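One chain, subunit A, appears in both complexes that follow, with subunit B as partner in the first and subunit C in the second.
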Partner chain A sequence: MKRLRVDRWTGQLVTATRPGAAGVSSSAPRFRCVAASARRCQSTAAAAAVSESVAAAADLVDNNPRFPPLENLPPQVTSWPSPPPERALQSAKLAALHARLALSKKIPLQTLARTLVDASADPNPRFNNTNLAFVGQTLINYHVSEQLMIQYPRLPMEIFYAAMKGMAGPAPLFQIAKSWGIESAAVPGGEVDPGLLQFSLDATGDAILGFGYSRAEQKYIDKYKFRRSVASRVVFDDDFGDAITKTEFASNETEDDDHIHTNTSYGSATTRALAEKAHANHVRAVVGAIYTHCGREAVKAFVKAHVLSRKLDLHKLFVFSDPTRELSTLCAREDFEKPIARLLSETGRLSRTPVFVVGIFSGKDKLGEGSAASLDHARRKAAMNALKSWYLYSPGENVRVPSDMLNEETRPWEPAYIDIGEVIARGGNLRR
Partner chain B sequence: MEATLTRPALSCCCRTIPSSSSTSRLLVRPSVAPGLRQQSTKSRTKRALNIPKHESFLNPRPTTNHIVFNPPSSEASVYHTPFKFLPKTDPRRRAQLSNLFGSSTTIQYSTPGASAEPAVNPDELPAVFPPELGTKKYHMTKEDVEEMRRLRLEDPNKHTVTSLSKQFGCTPWFVMMCVRSPREHRDKHKAAEAAVKARWGPKRTAAREERARRWAMLFRGEL
Partner chain C sequence: MTVKALKAVSVGRNGVGAFILQCKRIDLHYCDWAGSSKGMNGFIKSLLPKFAAAHPQIEFTVSPRPSKHPVAIGHYINGKEKAICVRNMEPYEILKKVELLRDANGEKLKRLHKNVTSINESVRGVWSPYHGNGMQV
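So, the complex of A and B:
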């Protein structure tokens, strides 16, 4: 069997045209030379670590008149944390992204390039996307929350938080960024193409994104796993009901270096969380850039097209602990007749796989229906369906939201339906 | 419950009225002959189940320009708010006022030639649990509760939760809300329960675990 020489497949093409590597006969130095002559230095530290002989060879390659560099970079570029703004005009990726998102001509490419620089890559707020992301996060959360509030006015607060997170949280924004075709650079730096998303896995940027307070007793909450009440979450926590911690990854700094290394290895949970955060901040920054350059209506249309158009199955967010009690409490509160579970139909009661269809009636009206293999399951399921249809009441698909009234030539506002509140405190479900 | 009366196959083969909703198709029909339980052979079952198509499918080429709406039997969507749950200001409430005395969640559709089925009277349907089971009487006084606490703490073996609930005419839940047995009594019960569970074999243990998991899945809406 013939030996496969993988290094010969493409390596000879590179070495044949590079005079710097002509005198080298063995394959190992040739590879080193190829790596060193690549335009993209992984980081300034990596560039400094290259041995002198290889650097000299790389210098020969760089100054070869037959193969001029694709882009004339400033000499100090590798020492900068992010690409300079004027390089944005030369990036094909940025122009493609601008066209793909159908952004207005009013948004310059330099701003779009700035949205791709995360605070962890460049801590200077004049060059990273923190300020734009703050504006964008506020706008996205405002539009999503007003839409949810008007369209599903009876959602319990806990479900509302979950729905906010499912529509405007980091995970859906990461998916949006991925659907835009955003690619990330391995390591940020001044020599990176400005069309790549730049974030660092080592240094975590301290970007303030959103309103909220960290609690005085946060240490004990973390230690003893205290339950946070919904009321305190409304007051203290951020828009998704998550507690604000001062530094998310601060615990890493105290631990040893090996631990940090395993945490930021490729595909680990920390890496994925950092990537998700960076992608989400990019999407928010784009929204902030649109607001800054094009105004309110444009940003509303953009959020509607990219964020609000995503479908979220709200009925899957519900978890109940005692649905029959909750339903009877609801009926007592609303002056309905007492709910009674009645058997609508059944089959195979004496068999191994029976099916019972149970409906919950309040007076003559059927509130919900559920089918299961046992009477008790079917009854609870029917009660859960009835409660879901209560909580998921919607005045309609195309309801008007308060921000519609900012447009001047609209008809007068009709008051939206506001529910009096939750049936019972649902805080117990948090512990599940 | 009378399994003989609630066979869907039976109601299918005996029906004369075309069905109009997904749920009422399987309803208990009091007019069914009580002696007829099943078909004895496969061929008879097949013949009995060979019911005619819905009227909307009979004419393959509709002459008029209309939409055939014949949904298959399925669970009702939770996004379809029952009439009773609509707020007073909702315009659908006014639109459905004519159906106020009918069944509110059934989808009303009519095909030419199909007669509307009369609305089901829910009072005729059998209740899953006796309705008086959950009726609250609010008859307990403060003295009753104190007496109950005294008895239970005095001799928890004699005055069990069940016996107290029978004595005072309340639910066991209420007894447990009012009084908690002494710690040594609880520990003894827990030890006895643990001894029973220790004797379980792998099959029974797995079955209990799966049952608990099924309940959790049910409450999460995954079942």
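So, the complex of A and C:
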């Protein structure tokens, strides 16, 4: 029986071929149904005239010794949606990016160039970053989720989803791409520098990223704002607990162009969302490329260095609707004594700015403490602090995660702490 | 459902995890004719190849700017740029200036009053007047 070579499983992504195009290597001429002429012309006569004048101008420019051409481009390059892979070797920006990210020499510049081509710029999956981004997305989400689950085993699911989105969602990945110094081309095309991120603001591109199901009743959820239960979000929705819609930016087509192309320096909300998506897909594709060429350990180190090292304050994510009730439910569940709020210290009760410090005790153990300008507020804050210290229990910073065990010479796995789940307080939303 | 979540985005700290050099591009402009570019031309011929090879993460562009003083412009990841006029300088003086561009982070120069700034929580906590036994005066 042949041994499975897990490290080769993504090898086909580097030179992906479509079923109809067998035997065409990625450096071969590209067959696509676009006009042969570089310019778009209204009639063929105009096209011929334009091509003649262009050729004459090109001759003049090429023969001028004072202004030699910067780069010899293939003749039909402007008709291609993205730069040909062989141009990657001449791009200074791309080489600088490769060195800036301290990527291994095993990752060729052509692959790095491919990670910069979004599906909206080039719909052909052999030349855009969709496949690499899919691999990268699964890897980033896996490493972030295992770290969160082991490091904070008691996180409620809602907070877990928010933390996943805050660490590995499109917004943080956009920030990561910005921190790498990724610049984007104004308009994608075959003649632009391969070191620029290429995405289109007109076409949206259909990149399938991540697992999940689009729900049959999605239309009614949108219309009537049905609540999606946490359990159903785990089963149906994506890694961030968001519903999967078939076309995320489908509504753009009905909007007028002026709305999309706002002439402000920041663009419109739609253009910003498209830019965020393209930058995030680039980061995912880089991770996918690292996995494809360098393997598991390299990608883990890269995700740890670039994604997991960022700071996210989990205790700022919590919103409690009824903390005192939830705390007493928790104490009942865990067989603690009933929580009792006691005033620890106060000042200026009759003044304009009183301060009350309230502690919540279960028997002799102090569960939490809060200070506020009113007694009730202080008690609620104390309860929130008590709940947060319960939910944010952590076995330590340097916990071992399951993927550590994939290394062959490592010590045996010690079972990680697994919590029975979050507190479900009955009638929690009565007061809203 | 009693606990709800707010949205937040993680904050990156360069050097914690990965370090990204903030200078991403240095433009060097020279003039073939003018005397103020003499040092710059020497720098480009003798020192630049070694410097550029030692810093692959920076993109170097060399371009003529006839009848103007030579200038070195650094472009940074935060979108800002820093230009230094290097007229009449010797090649090694220009090397110092280019190293300055390399080491800068592109932000405006500002006076730092604290030796250490951090977004981490204080390990010791914040002092509170409502805890402890107080102080006898």
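The working rule: the second predicted complex is superposed on the first by the 346 of 432 C-alpha atoms of A that agree within 3 Å, B and C clash if a C-alpha of one lies under 4 Å from a C-alpha of the other, contacts with A are read in each partner's own complex, and residues count from 1 in each chain.
Going forward, a contact is a pair of C-beta atoms (placed from the backbone, for glycine too) under 8 Å apart; a residue touches a chain by one contact, two chains touch by 3 or more.
From a predicted model like this one, the values you see are computed outputs, not experimental measurements.
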Item to complete: Pick one for A:109: touches subunit B only (first), subunit C only (second), both, or neither.
Response: neither
Worksheet item: Of the two partner chains, subunit B (first) and subunit C (second), which one does A:316 touch, if any: first, second, both, or neither?
Response: both
Worksheet entry | Which superposed partner A:287 touches (first subunit B, second subunit C, both, neither) | neither
Discussion item. Is A:338 touching anything from subunit B or subunit C once the two structures are fitted on A? First, second, both or neither.
Written reply: first
Worksheet item: Where does A:140 make contact in the superposed view: on subunit B (first), on subunit C (second), on both, or on neither?
Response: neither
Worksheet item: Who does A:159 touch here: subunit B (first), subunit C (second), both, or neither?
Response: second
Item to complete: May I ask you to decide whether A:132 touches subunit B, subunit C, both, or neither, giving the answer as first, second, both or neither?
Response: neither
Item to complete: Could you tell me if A:167 is touching subunit B, subunit C, both of them or neither one (first, second, both, neither)?
Response: second
Worksheet item: Between subunit B (first) and subunit C (second), which does A:357 come into contact with in this model arrangement: first, second, both, or neither?
Response: both
Item to complete: For subunit A, give the residues common to its interface with subunit B and its interface with subunit C.
Response: 316, 318-321, 323, 344-347, 357, 371
Practice prompt. Flag every residue of subunit C that touches subunit A in the complex, lowest number first.
Written response: 1-14, 16-18, 20-21, 24-25, 56-61, 77, 119-120, 128, 130-131
Fill in: Contacting residues of subunit B [partner subunit A, same complex]
1, 3, 6-8, 23, 26-28, 75-76, 78-87, 89-90, 101, 103-106, 121-122, 125-129, 131, 134-135, 214, 216, 218-221, 223
Worksheet, complete the sentence: Note: in the complex, subunit A contacts subunit B through residues 315-316, 318-321, 323, 328, 336, 338, 340-347, 349-350, 357-359, 361-372, 375, 377-381, 384-386, 388-390, 392-395, 417, 432
Item to complete: Would you pull the subunit A residues touching subunit C in the complex into a rising list?
Response: 92-93, 95-96, 98-102, 156, 158-159, 161-162, 165-167, 169, 171-172, 175-176, 178-181, 230, 304-306, 308-313, 316-323, 325-326, 344-347, 355, 357, 371, 387, 391, 422-425, 428-429
